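Structures follow.
One chain, chain A, appears in both complexes that follow, with chain B as partner in the first and chain C in the second.
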Partner chain A sequence: MEKVINPIRDYLDENPRTRKILSIMSIVAVVVILVVVGIYSYSLKGFVDRTILSIVDGLALSMLLFLMVSGFFLIFGLCDVINFAHGAFFMLGGFMGFTIYLGTESFLLDLGIFGTNYFVLSIVSFIASAIGSMAVLAIVGGGIEFFTVRRLYGNAIAQILLTVGFMVIITKVAEIIWGSSVISYFITPFSQIGESGYFFISGVFNFGGILIFQIYRVFLIFLGLAIAAVMFVAFRKTRIGLQIQAGIEDSEMVEALGTDIKKLFTIVFMLGAGLAGLSGAVLVPWIGANTGHGLTYLIFAFVIVVVGGAHYGRFEGTFFGALIVGLAMKFCAYFAPALENIIVFIIMAIVLILKPGGLTGS
Partner chain B sequence: MSNEDSRENKQIGIAMRFTSTLSNNRMLLSVIAILYLFPLITRAELSPERDLLNIITQIMIFGLLAMSFDLQLGRAGLLNFGHVALFGVGAYFISFTLNTTIFPELNVLPFPLTLIIAMLIGAFLGLIMGLTTSRMRGTAFAFIALAIAMFLYNFFAQNPSISGGETGLRVATPGIMTTAPFYLFFIIITFIILTAFFGMVINYVKKRTESIGPFYFIPVMIAFAGFLLFFGTNILGSVLVSAALVGMLVLHLMERSKSIRDPLQSEEGEQVLSSEVKPVDILGRYILPLGILTIIVVGFIIAFWNNIYGMVLVGIEDTDVFLLRIPVMYYLVLTCVVMSFIFIKRLIASPFGRMVTAVAQNQERAEALGYNSYHSKIVVVMISGAIAALAGGLYAPFIRTIDPTTALGVGVSIDAMLYTIIGGIATILGPLLGAGVVVYSELNLVDFMNSIGLPGDLWVVGLGIIYIIIVLYLPLGIVGSVGIKTRSIKERLLQVKIGSLEFGMKEMDYWVPVVIGTLVLLVLLLFFTINI
Partner chain C sequence: MKNLLEIQDAHVYIGSFYILQGISLVVPKGEVTLLLGRNGSGKTTTMKTILGIYPPREGKIIWRGGAEDEQDNDSQGEDISKLPTHKIVAKGIGYVPDTRRIFGSLTVEQNLIVSRRKGGLKGDVQDRLDFIFDLFPDMRKFYKQKAKSLSGGQQQMLAVARALMNDNDLLLIDEPTEGLSPLLAKNLISALDKLKEIATILLVEQNFRTVSKLGDNYYIFDNGKIVHQGNNMDELVADKALVAQYLGVSI
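Entry: the complex of A and B
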């Protein structure tokens, strides 16, 4: 193929320092322009308020997306399966969390251990819902891997076709049980405590003006950070975590060194589906459980994996991808609502044009 | 091919090549002829046949979509979840040209031209999708295309002013489709195809000179005579077709006696130059076959004259009538499907098609042999995009209201994938058949499930389970799995014997069960539709 002569690119290739300075300067310039435009359109106070709101919401969403996508990434990285059913797992996790929360709550109310201490009761139900949803989805995911996906390793397209089949089935079953995506299920109207329900973090921080945000979102940031930290430590320190990390790098070598790679694949599938269930369950108090979430969040998972670097990336890539997507979505929600659903694709297009391998990819 | 045959070839030239093309595609021609014949039975007033025609039209539109999907998945190995975007741009472009409120300046375009523009737009979007295949290899193409589709979906869903929002965009019937000449145009095509089909039958009668020959063509002609008797408006048509059957028997006997005498002749006079001495058999070669053909075509015209005349009258008197739309839409869609089918068949057999398959099987090897895999993938996605946009462009006037979910929702891609996988991947017929099976059961099973007290959506779960079983155990789908077994079935069919009669069914006889099967299937579907 002919080589196109491009003096600017040649110069930049020869001087990586200049390239770095130029790219940093261009990013700073874009940010400054955006800030100036924002202040100009919304006045200083409005701009600052909106920025704080976007950062809080965006961080909360990022943490949630990170939890979900890390499951997707684990399955993709180790087993090389693009799990199209992951969004459906996430959606099912939401409904499992919803159901288990209400079930535990009514059970505890009947039991009467906590009496009128609704706060503890709610926390216990919430923890039960998160863990229960994680366990149910881990069983579902492990079952799917053990009985079907296992037969098709090495045939990438057949695996995708298979997981799409499971996506269709799970979504349809959920629609039969809970109705179409028009309705979102929240905990408070269905809760049996009090008149209009009770959830342990249902208050808001009110700083006047538009600067009001739910405490749950702040809680979600810390929850996500905590789970992410646990995951990072587990992957660095435990034996199975190290095996998974090594498997993502080179699964054949890990197998040759005596690890039962099939067992590892099943465990990873369970772990990935379980993370989807967990993130679905913690989403319920904020955005609600909805049968349409499967597809929406599947797309987010794709975008994040592409942005973060799918093939050679590590968890860091997924983490930064989730941060970028979550923050960008929420900034758009507060500053340019028309762009909220489209921005993720714009980000993906930009990343693919500038760095085809993703942020951390080669 | 014998010496005599090649001399005939030179004499007749184009006509001979035409007949040999017909004889090589007997099964395809039979199915096309019957599908073109079928709408003639609709009367000018409301009749239950129209429901079935509507269902078949829908099946064909989705079959077209699935065919274009399979062109990417089966041939080029590209799994495209954004396929619906190609479908949706076609559908939305056509609806913009037919809707008077949104872009009135587009309304002046004639409908056939808009279909071609829609195909070009689809090809352009396919080019954009294809360009991303170099960025990320293999399965990651699914992400990018899906993201493009979701982008378009969100764009249309968030702009109700151009997409019609939740209630959908009203699509008017194209003006040309309610006019009589457009209908007559398709009727003329129908009769041309019928003539070709019966010409093929007569050619077959002349070639199949064994004693078993009549057992193959008599049932076909009786089936057609019965079809005309039941559904035609004039009994004379059926009588004429029966008369043609008698003529065919005479032709068969003549050819048979000639073929029996032939070997003796060549033994006796080896020195004589037979071709110069032998008189040309005008009766057997020209008069009788052409006479039979004329009788049959006249019979069909007489049998359906009242229906055609009534439809044309409705078209002339009232140009806005809804009734005319269904057969015309059916014909339009059928013509597009047949053209796409033949195009895809030729494309796959062409050197380019071989190259695409080579790239899909082993990209490195194909590149080492000097093929440009990137270009071939882009071209395949573009062709597939044009066909998908055509399907969308036909879907919009068919369904008459489109909204972002039905035209751009990812569910449509998944449906196309289900049809392709169930019907058979990398077969041209498979996607059409899969679409037929799934759409027909969808339309009927939902009501059935509701009537026995189960949620209607439960059948989708069953479909998903069937789909997963097919992915796991029958990776080639219905058509592909049958295709594997074909060889043993063919050998067994060749040796069928009943008593002393040898029913050996050769390759050239397969069109007979296809004709009778298609007719029986259509009549059965018709009775089901009328009764339900």
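Entry: the complex of A and C
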């Protein structure tokens, strides 16, 4: 191919500092324009309030998306399997969380050990639903790996067909049991406590005006951060965490050093599916359980991996990707609701054009 | 048991390519065996075949076989060619691959932790680390660094150290001096010389002159077959015709 002389590009290649300053300036310019438009449309107070609301909601969504996508990333990074069923795992996790919560609640009510202390009862049910959903999905994911995916390592087309098949199967089974995606299941209408149901964090922080925060969303930020912190520490300090990291770089070498790599693959599938189940379960009190989530969240997972650059094997990429996608969606929800569902694709397109390797990639 | 490892007529395919076309070799216990030959002649594939990464379609790989004398009853050995990689390695095999293949995102310390097998080391871990530090004194300095920040020579030390984190009887070392400056290569060879005392070594090397003092036996590979073998390195160095045909760069 003939090389076209491009004086601007040549100049920028020779002066990386100028390029950096220019790119920072252009980002600042875009942000300033958005802020000005925002203030113009909603007045200063409205703008500040909406920004705060967006940040809180966005962070809560980001943390949970991060948990879900880190499972997707681990399976992709170590086993080289693009798990199309991951969104379906997440969706199933939601229903598992919903079912286990109500089951535990009615069991505890029958047992009567907490009496009328509904707060403790609700917390216990919530913890049971999160852990239970994680365990169920870990078994589902591990089972799928052990009985099917294991036979297809190294055969990418067959893996895609297989996991797409599992996505369809799980979604259809869920539709048979819980109905189509027009219905979202929330905990409170089904809860047997009180007249309109009870959930231990159902209140709001009210700062007047539109500044009303769902306490549960604030709680989700901290829950997500706590689980992410546990994961980061576990990856650095435990032998199996280090083995997974090493395996993402070079799984054949890990095997040649004496690790049973097939066992590690099964464990990672269990962990990945378990994380999807956990994030699905703890999101139920906010967005509900819905059979349509499988496809939606699968697409989010793809976008987050591509935007963050995690497809180049960088774990932190999933974190930044989730942060950007979550915040962008919620900013749009408060400022330009029409864009909420397409903003992630706009961002993906921009990132792919400007930095094909994603934000952390080269 | 006389031979730590013996390959009997191994035929290896990678995909549809017929790579090793009937390889037979023995690795006597306590000695250094060299695999020599040009690029693509099948030396690295032989190592990966031993490790079970490319298991042979035909042929056997016998672990701890060969009668030492007539009273040696336990001389049958065990065919390990059908075992999965991690079980083969667990017999006591350490692998130093040709492009080092260290885990760059981990620190040197974490690389060594990952390399330890369950029950692979009888003694104290700290004693083993001290042994490695004696072998490569520089490693103390970069022990806490990320492996991708290391120089080529340091990465090679790490690759060798990884294979020493278990009580391995056999070390498979593939092109250890590749890409190293002559001085670094010399230091590394003298370190390998010390390892002779604790393990049997199977060594692949392009530049056979640098390891001619080290080797006890040698096999020369060409196009997936063994074309020459012997146990006198001096004779090999002197045999100009043989060297030119299979090892040297023709002028």
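Descriptive notes on the structure:
One rule holds for everything that comes next: the second predicted complex is superposed on the first by the 361 of 362 C-alpha atoms of A that agree within 3 Å, B and C clash if a C-alpha of one lies under 4 Å from a C-alpha of the other, contacts with A are read in each partner's own complex, and residues count from 1 in each chain.
By our rule, contacts are C-beta pairs under 8 Å (C-beta built on N, C-alpha and C of every residue); 3 or more make two chains touch, one makes a residue touch a chain.
If you're wondering where the values come from, they're calculated on a predicted model, not measured in any experiment.
Counting the residues of chain A that each partner touches, chain B and chain C differ, and the larger count belongs to B. Touch criterion met: A:249 reaches chain C, while chain B stays clear of it. In the superposed model, A:239 lies in contact with chain C only, and not with chain B. Of the two partner chains, neither chain B nor chain C is touched by A:333. Of the two partner chains placed by superposition, A:323 touches none, neither chain B nor chain C. Contacts of A:56 after superposition on the shared chain: neither chain B nor chain C is touched. In the superposition on chain A, contact is made by A:259 with chain C only, not with chain B. Contacts of A:295 after superposition on the shared chain: chain B is touched, whereas chain C is not. Once both structures are placed on chain A, no chain A residue is touched by chain B and, in the other complex, by chain C. Taken together, the chain A residues at the contact with chain B in this complex read 82, 148, 151-152, 156-158, 160-162, 164-169, 172-173, 175-176, 295, 299, 302-303, 305-306, 310, 338, 341-342, 344-345, 348, 352, 356.
If you check the complex, the residues on chain C that touch chain A are 51, 53, 84-86, 89-90, 95, 97, 101, 103-106, 110-111, 113-117, 120, 162, 166.
Taken in their complex, chain B has these residues touching chain A: 73, 77, 79, 132, 135-136, 138-140, 142-144, 146-148, 150-151, 154-155, 158, 410, 414, 417-418, 421, 455, 457-458, 460-461, 463-465, 467-468, 471-472, 475.
Across the interface of their complex, chain C is touched by residues 236, 239, 242-243, 245-246, 249-250, 252-262 of chain A.
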